[in-house]
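Sending over a structure as structure tokens; questions will come in a sec.
As written, the chain order gives the labels A, B, C, D, E and F, with residue 1 at the start of each chain.
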Amino acid sequence: MPTVKLWTDAEVSANPCIQAVFDDIRSTRKSDFVNNFWRALANQPELLERTLSSIKQVMIASGVLDPLTKELIYIAVSVTNNCSYCIHSHTAAARAKGFTDQQHVELLAVIGVASETNALATALQVPVDPEFTVK
Amino acid sequence: MPTVKLWTDAEVSANPCIQAVFDDIRSTRKSDFVNNFWRALANQPELLERTLSSIKQVMIASGVLDPLTKELIYIAVSVTNNCSYCIHSHTAAARAKGFTDQQHVELLAVIGVASETNALATALQVPVDPEFTVK
Amino acid sequence: MPTVKLWTDAEVSANPCIQAVFDDIRSTRKSDFVNNFWRALANQPELLERTLSSIKQVMIASGVLDPLTKELIYIAVSVTNNCSYCIHSHTAAARAKGFTDQQHVELLAVIGVASETNALATALQVPVDPEFTVK
Amino acid sequence: MPTVKLWTDAEVSANPCIQAVFDDIRSTRKSDFVNNFWRALANQPELLERTLSSIKQVMIASGVLDPLTKELIYIAVSVTNNCSYCIHSHTAAARAKGFTDQQHVELLAVIGVASETNALATALQVPVDPEFTVK
Amino acid sequence: MPTVKLWTDAEVSANPCIQAVFDDIRSTRKSDFVNNFWRALANQPELLERTLSSIKQVMIASGVLDPLTKELIYIAVSVTNNCSYCIHSHTAAARAKGFTDQQHVELLAVIGVASETNALATALQVPVDPEFTVK
Amino acid sequence: MPTVKLWTDAEVSANPCIQAVFDDIRSTRKSDFVNNFWRALANQPELLERTLSSIKQVMIASGVLDPLTKELIYIAVSVTNNCSYCIHSHTAAARAKGFTDQQHVELLAVIGVASETNALATALQVPVDPEFTVK
């Protein structure tokens, strides 16, 4: 259960400011479906707008990393932060971008090995090699 | 400072079992440099071998994700787990694989936005949309 | 589902030691409602008592931070630790202390920006400026 | 050591775009001191600008939470995320806003108790009470 | 809900490679019950095999730490990582190995105090005493 | 560098209340050495006393878990929380209680495997089996 109200389409349509952001979400993603994350953020118009703006700039605008790679990085962060909602939404987003089962296996394997070696390096308090320094 | 001794090459050469693993590290990576992580794990031969075996299987064997993408996922996990050693070693590894400054910027931007939205989704306890379910 | 039994009022009343702590919870909070956290801790009388004592000393005794500010700090920690139970219970506690929707928005915004900049500072391994040193 | 170059004032002055952001930082904070976080982000102009814009909107613009309370929330998140840089910079920022030693003690006490009870609630997997639901 | 399909016994029996691993799980644990973790990993045969192999080597092979102590360490990590599934499965595994209620209380108390003092030491950025150095 | 002053013995001796706690630490541990954690907490007498009291009750008072097992659990939590100070101090404390190199290896192996499987179970969002329920 959420800690705030989730806005229905009817409630959104009664608030032109929120409606404009939802219209933007729908046209940006070329889909009528607006997921619960945005329906929760609708309680906070400024935060809703700023979050959408960040997502558009970082995840949707084209850059040097392809969209699927960005989703895999997003999933890796979300798994490590244990954000159940984000794991589900970005695994679905990756699938919509062509994420294959074999890529999923490899993503999981890398996340698993990184988690294990992170714990080992931390437990051993391994000092950073001078060779890794930025020149 | 580490919580265990870091093995020097001289100490490694006096132990054939550890020497064999270090030879394997050097030939796998085609480089004479063996970084401190392995010199710390040398105190634990079984763990050393199992860790190298996992790294070879997951990070080095060819698969459907390219080697640089795997490094980016590794960095994303290491940043989120706050493993200073792993952030340094895998940022260096990514650079050795052609990681550009522009890719670094985008990696950081995705990690940053994912961390922010993870926190928001968690604070709001947003329920997972049924649309995200695996069929 | 919990990993231990949740004590009902009937079970509590059969154990004078637990009953005394539950009476203390009710009188401290001036409310009959005892939430599940305490019903789970009731399996561990010493831990139950020590936890209540800490909560009373830190959260309830008056000090220089006002009660609502302490709840906001508590929520910030709970979100970052991803403790679903504590997010719900302390968001409710904050509301009972007058937490407004606008304060909620700002709390979320600060938690979000802190999470993002934490990740960036960690990924960049920014060295601490000498200006920040305690004199 | 950072994973990127830290920009000196001389390097910044050779890049009008970065210089403009640094001017903005100095005038926003009414101080000549620009800390290492911004000198690291200077490698990434877009991220530098977006981060400054978020900080101005969330931390500096006036709202319903006072500036010191926002710093305490920021510190709470940074401690829980274990971001050494951010703990130092925001503890210094809080002090500059009048943070007293006694407030520091209480902040630490709340962070400590929240961390402990987060761990207990998670270990016990306490189910959320229906009383905490948003109506 | 999982992000992948959970394999039923009927589906497993149609795939000899997965069936062999499930047979191994059953004979290793001397029990017919195969829990959902393995049914999810069955989508990824290589990862399934490598994970089982690690578990057998680390958790099941006899060593100098007794099996129950290893479960307590596992639970401590899982609580701190907030892995709900692992908290449930390893609390059950510990009980199957004779974990008493009194041991559970003490485990919880240690996890709680460690979480609190971790947060305090981090907030205070306490420098490591030279006395703790490995000679 | 710490965020607060570390109290020297001379400063402690000028404050009878702090001196009494330091005397207690020395007699409880039968050692003249008082490590930096307590010298940092000395700025906060109430928190100093409450923390020492919790440590005595949980870590030092005899119970059903032996003292070394409690240190291993403490280390496991500290590694997962990435508390460098606590990893060092409790690895040293474990050694003082007879912790062998072989036990260290196994502790690391369990922490590593738990971290990996935690990440996998979280990424897969594996549903808890009803068999794990407390009756």
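A few points about this structure:
The rule is short, and it goes like this: contacts are C-beta pairs under 8 Å (C-beta built on N, C-alpha and C of every residue); 3 or more make two chains touch, one makes a residue touch a chain.
Everything quoted here is computed from the prediction, not taken from an experiment.
Contact with both chain D and chain F is made by A, B, C, E.
Of all chains, the one whose mean C-alpha position sits at the greatest distance from that of chain E is D. Both copies, chain C and chain E, contribute mostly unmatched positions to the interface they share, with under half of the numbers common to the two. Of all the chains, the one whose CA centre sits at the greatest distance from that of chain B is C. Rounded to whole angstrom, the centroid-to-centroid distance between chain A and chain F, based on C-alpha atoms, equals 35 Å.
Chain A and chain C have CA centres that are 27 Å apart. Shown for chain C are the residues in touch with two or more other chains, namely 1-4, 46-47, 50-51, 54, 57, 77, 79-84, 87-88, 91, 107-109, 111-120, 122-125, 128. By the touch criterion given at the top, residues 82, 87-88, 91, 101, 104-105, 108-109, 112, 119 of chain A touch chain E in their complex. Contact residues of chain C toward chain D in the complex are 1-4, 6, 33, 35-37, 40-41, 47, 51, 54-55, 57-59, 63-65, 69-70, 72-74, 76-81, 83-86, 88-89, 91-92, 100, 102-103, 106-107, 109-129, 131-132. Note for the complex: chain D touches chain E at residues 75, 79-80, 82, 84, 87-88, 107-108, 111-120, 122-125. Contact residues of chain F toward chain C in the complex are 1-5, 46, 50, 54, 57, 128, 133-134. Across the complex, chain F is touched by residues 1, 3-4, 43-44, 46-47, 50-51, 77, 81-83 of chain B.
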